[in-house]
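Have a look at the structure below, then the notes.
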Amino acid sequence: MYLASDNTGPIHPQIMEALAEANQGYALPYGNDPYTARAITAIRELFEAPQAEIFFVPTGTSGNALALSTLCQPYESVLCTAAAHIHEDECGAPEFYGVGKTYLVGEGDLMDPDALGALITDLNEGGVHSAQPGAVSITSVTERGQLYELDRIESLATIAHAAGLPLHLDGARFANACAALEVSAAEMTWQSGVDVVTFGGTKAGCMGVEAVIFFNPDRARGFAARRKRAGHLFSKNRFLAAQMLGFVRNDLWLQLGAAANARGQYLAEALCMDARIQWPYAPRANMLFPKLPRSVLQGLGAAGVAFNHWGNRDHGAPDEMLLTRFVCDWSVPYEELDKFLAVLKAS
Amino acid sequence: MYLASDNTGPIHPQIMEALAEANQGYALPYGNDPYTARAITAIRELFEAPQAEIFFVPTGTSGNALALSTLCQPYESVLCTAAAHIHEDECGAPEFYGVGKTYLVGEGDLMDPDALGALITDLNEGGVHSAQPGAVSITSVTERGQLYELDRIESLATIAHAAGLPLHLDGARFANACAALEVSAAEMTWQSGVDVVTFGGTKAGCMGVEAVIFFNPDRARGFAARRKRAGHLFSKNRFLAAQMLGFVRNDLWLQLGAAANARGQYLAEALCMDARIQWPYAPRANMLFPKLPRSVLQGLGAAGVAFNHWGNRDHGAPDEMLLTRFVCDWSVPYEELDKFLAVLKAS
Amino acid sequence: MYLASDNTGPIHPQIMEALAEANQGYALPYGNDPYTARAITAIRELFEAPQAEIFFVPTGTSGNALALSTLCQPYESVLCTAAAHIHEDECGAPEFYGVGKTYLVGEGDLMDPDALGALITDLNEGGVHSAQPGAVSITSVTERGQLYELDRIESLATIAHAAGLPLHLDGARFANACAALEVSAAEMTWQSGVDVVTFGGTKAGCMGVEAVIFFNPDRARGFAARRKRAGHLFSKNRFLAAQMLGFVRNDLWLQLGAAANARGQYLAEALCMDARIQWPYAPRANMLFPKLPRSVLQGLGAAGVAFNHWGNRDHGAPDEMLLTRFVCDWSVPYEELDKFLAVLKAS
Amino acid sequence: MYLASDNTGPIHPQIMEALAEANQGYALPYGNDPYTARAITAIRELFEAPQAEIFFVPTGTSGNALALSTLCQPYESVLCTAAAHIHEDECGAPEFYGVGKTYLVGEGDLMDPDALGALITDLNEGGVHSAQPGAVSITSVTERGQLYELDRIESLATIAHAAGLPLHLDGARFANACAALEVSAAEMTWQSGVDVVTFGGTKAGCMGVEAVIFFNPDRARGFAARRKRAGHLFSKNRFLAAQMLGFVRNDLWLQLGAAANARGQYLAEALCMDARIQWPYAPRANMLFPKLPRSVLQGLGAAGVAFNHWGNRDHGAPDEMLLTRFVCDWSVPYEELDKFLAVLKAS
């Protein structure tokens, strides 16, 4: 039972077909092929953004770090939350790619507009001694399974823009967020003030592809060269493009996001009946962050369930509540979820 | 007619099948899957190197730059030739990844052992003012289509090792080199003194995968973390591994190298009959570097042949000889080559 | 009235004399001069560390960043407090110099050993996804005027060493700390478990010099090359060395630290009588961090007093308490402090 | 006898006096002091450039690397000669500071305008695969003792500007160059097309200071933050400024350049009488680059003369000619030069 992540499942058949379709004959390398051109057009249509500059990269980390280093000078900082993937889970990728520093906004999971404003003011007062803000980055679905409502994105964008800062959205689970909020790709991004989004395909059912989308093409200056020197420009770029073509065709992306969310909600509803469980974060999409007693986690582990948790599972009081993560991808069968629930009950 | 590169052709069917085979059920992410383990085992067998540390990355640039930054301190330099891909064609990737500098050994295409020794001595005399040598890097098939005979590799390795430097082999066309010299993967590498090789799959018929192989596992320290923070650790790593599994199964890699070389030799033999052509570099594998009169190149261009050349094709004396590159991949049909030869004759 | 920093006052005459003494005849450049050799010997004696490797640099930021980048791999992190100068006030210098990231230990000013242990455990669990810890860095006198008692340093060192991490001490105000605690340079550092110290001269009365001291010379590997490529190797290094020679001669360094502390304590005693003032941080050396009402700060500003504060001085409720910093250097006359106290009383 | 460099001699008394003058009372740190303001004004007058942005740094390496990284994007290259100090003698400082790469223009010492144009064309053709040119850097007095005539600077500037590239002048020996050519600071720089100059004080008689001058202030964006995060912003900046004030007062800088040149010419005239000596580079300022037989160099070494040479002095045929460098600073007594000439005669 794989509930550890949404990257453990198979590639969706429609993506595999798109790869096979693209494997015909000869095509110019490094993105000068017709598949790349077509995929860019398709994404522009999806986002209702005919001027957008769009680049394909194979991983979320590369997409985020390339985007942020393009937005920032090397003596500037990215402002994000403490749980942000770019801060916690990318081994310092933004700093490696040339961002000066990451500074953290408050302590919560969802970024608070007031806390953002206060941090910007503080850093501005630091002058040359602080790494001045260069960009703001948020994630939705967040790293704790939360969602940014559109008005919160707008508030953050307003504050960022007033300080001359672009707003970046880490959209590793963009499909889940749009499906859960029932908003369009355009509403989620540029219509709410997002300047750059990393539109994730990998976790949603692709093999490995993300699209970095700059709604204002002027902001994209240098991205292509940075991608090349980081080794993320694929010679056979048509196979990144093909995945994206398969992903957006007939709104597959949105169906996959909804499918994953439905599984997450199915699980959440069942778990909510379990009195041993606490909910520091309300379950909203395909990732659940309940707290469970250590003894229960030990039982799940013994039964072979793969999942993540924070704190030492093996030592400590049996009734200590530990933060846990269960993630559903688009493909996980409901029978598997039922089996898991049975195991949980018995743990 | 695509003779510009060996990355314009299709993926070999056996690779596509391997991808489909790997797309079954659930697998742990980030390389903790059985496909990755199996591919590592298969490559260790191929290279007769049971202790080797092996990592998969999607591009040659990432493989080279990650390998070299792992071998060097950031205040050290990599020694290579002027035509080296890492110096000329990777937009500064080694420096970005943390290599201090690249210094060039002599002027030729194949690295000369005496010139290497002389440069090391010069740099050592520079003390702290020079970026001290940290590694030596060569490419075979070289960027001008040449081959390093094994005894030359041994000579270079002897000099490098005497100075405490590891020898890196950029093997973007490793299959072509082994096929042309009729040597094994082990003979080409550790048996000749190579410490680290970037074993290329992409140009030889894969979708996008290279294996970085450290024959001494101690040298690999830090590679995994560097790969992660550069965004080159695939969450769905099984699909990089699957390509490699398909690539080495039944020596497909060597067949593909030989197939490309055969096409290159077919073309070379025909071109050698053409009195208008000069050969500054003898054609040895799948890349030809003849010189042709500008007027001929203009004719080829007008006929829609895709190829590379050095110097301005459009302006200058019609009979000025310009360096040209024709590359054959494993898949290009001989009829296409005949068509090209006909076009050339008529140009 | 300059209470904003301890870098606004004059250079001590004994340092100026040492510069004049060194300005005799010819000397080899880049540290190969007799003054550098003598200064290194003198500092080894002061720290009772005959094997220590010692390097001179012109600024605290360069000393800290060069030390930390020498201790860490580029994919590793430095663990420090939220108020650490290396995190807050060096515009991202550690990251620029090659440290992967800074991660923050808890929220307080003095680093808590338990919080350090917990963070190390958390990061270790992150595996390749987190920038693994590479070094721990503390500052004494801290950035909020506090002192690390020796037993706390020992506790931190024990935890760091158990995890294989070296402990770095940012000693920009090392003289003040030793004078306040009445401990020797050796007790403050290697005898308590400190592995590397940036021994500050600038704030204590020099023109611009810090000594980076590695008690285990093996840890210093690469420092010299890093210093050169950062442009911090002085061709006329004898003038950095001369400052240090003047600084340690006859324990001038300790006298200057004590002189600054005495002024700080004089000020603190007077301020403690003022009922409008709160003390979130007990005053222990030459930096005071009281909280004062906004209205009082406005009065001080209007009277031309130079000082630092956190929060907006000009807008908000007159009685809101704002964190303020007053710093005394070794030279500030007591009459100036009395004048300041009079201004404060009237504000 | 120190002929190895112009950084082995004493600081000129007028500079020492300026340091003493600046050591009065209190001054705001980090360049917000009146000495810094005055020094900037004085340099603007000297260069007849009232709009210029001017920054002080302690070393030539920091000045060059900070200037070039401000001019270039991190995926761009600096074009320079093979002997350029930034390429050969700064341990990779430009790359460390964020320049993507250095590419070399031709093989000579003085940069050839045609070779510059050809390299720019070549790199432009490389597209994203080459690190595109970001700046051109020349040195005068060159690293082989040559001078750029003003019309050559103009030719290089014309080509650089046509390609959108700024021209940087490494002026470590700017005073010697102006004195030798009898041109003004303005003629040598912006009037000839130089966009940024590192105006060297250290080798000309200061303790350690260089002024980085941007004639177009728009180009200076980010320099201040880069200087801070590199640890080159002095808290007691008034002592960098004071050196520059003493240096430009009453044209001391030019007198010191002329004094060093006069000694160089005195030496050159005597050496020209020695039939054992060859002159691959005509002596024009204070650095001589003759070739001498190995046996003579061995004699000089045995007599304790400090000088630089290229090639192994200790092994090889006694009559092999080795390139040698003799440098005179402003202070070296003529009697010392006579003593050296006597030693040479006897060698």
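For clarity, chains are labelled A, B, C and D in written order, and residue numbers in each chain start from 1.
The rule is simple: a residue touches a chain if its C-beta (ideal position, glycine included) is under 8 Å from a C-beta of that chain, and two chains touch if they have at least 3 such contacts.
Quick caveat: nothing in here was measured; it's all calculated off a predicted structure.
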item: Label of the chain whose CA centroid is most distant from the centroid of chain B; value: C
item: Which of A-B and B-D has more C-beta pairs touching across its chains; value: A-B
item: Centre-to-centre distance between chain B and chain A (centres being mean Cα positions), rounded to whole Å; value: 34
item: Distance between the centres, which are taken as Cα means, of chain C and chain B, whole angstrom; value: 50
item: CA centroid of chain B to CA centroid of chain D, Å; value: 40
item: Multi-chain contact sites of chain A, meaning residues that touch two or more partners; value: 74-75, 90-92, 96, 100, 128-129, 131, 225, 228-229, 233
item: Touch list for chain A against partner chain D, complex; value: 30, 73-76, 98, 100, 128-129, 131-132, 222, 224-226, 228-229, 233
item: Chain B contact footprint on chain D (complex, rising order); value: 74-75, 77, 88-92, 95-96, 100-102, 104, 121-122, 126, 128-131, 310, 312
item: Of all residues in chain A, those that touch chain B in their complex; value: 2, 4-5, 7-11, 16, 19-20, 23-29, 57-63, 65-66, 90-93, 96, 202-203, 207-208, 225, 228-236, 239, 306
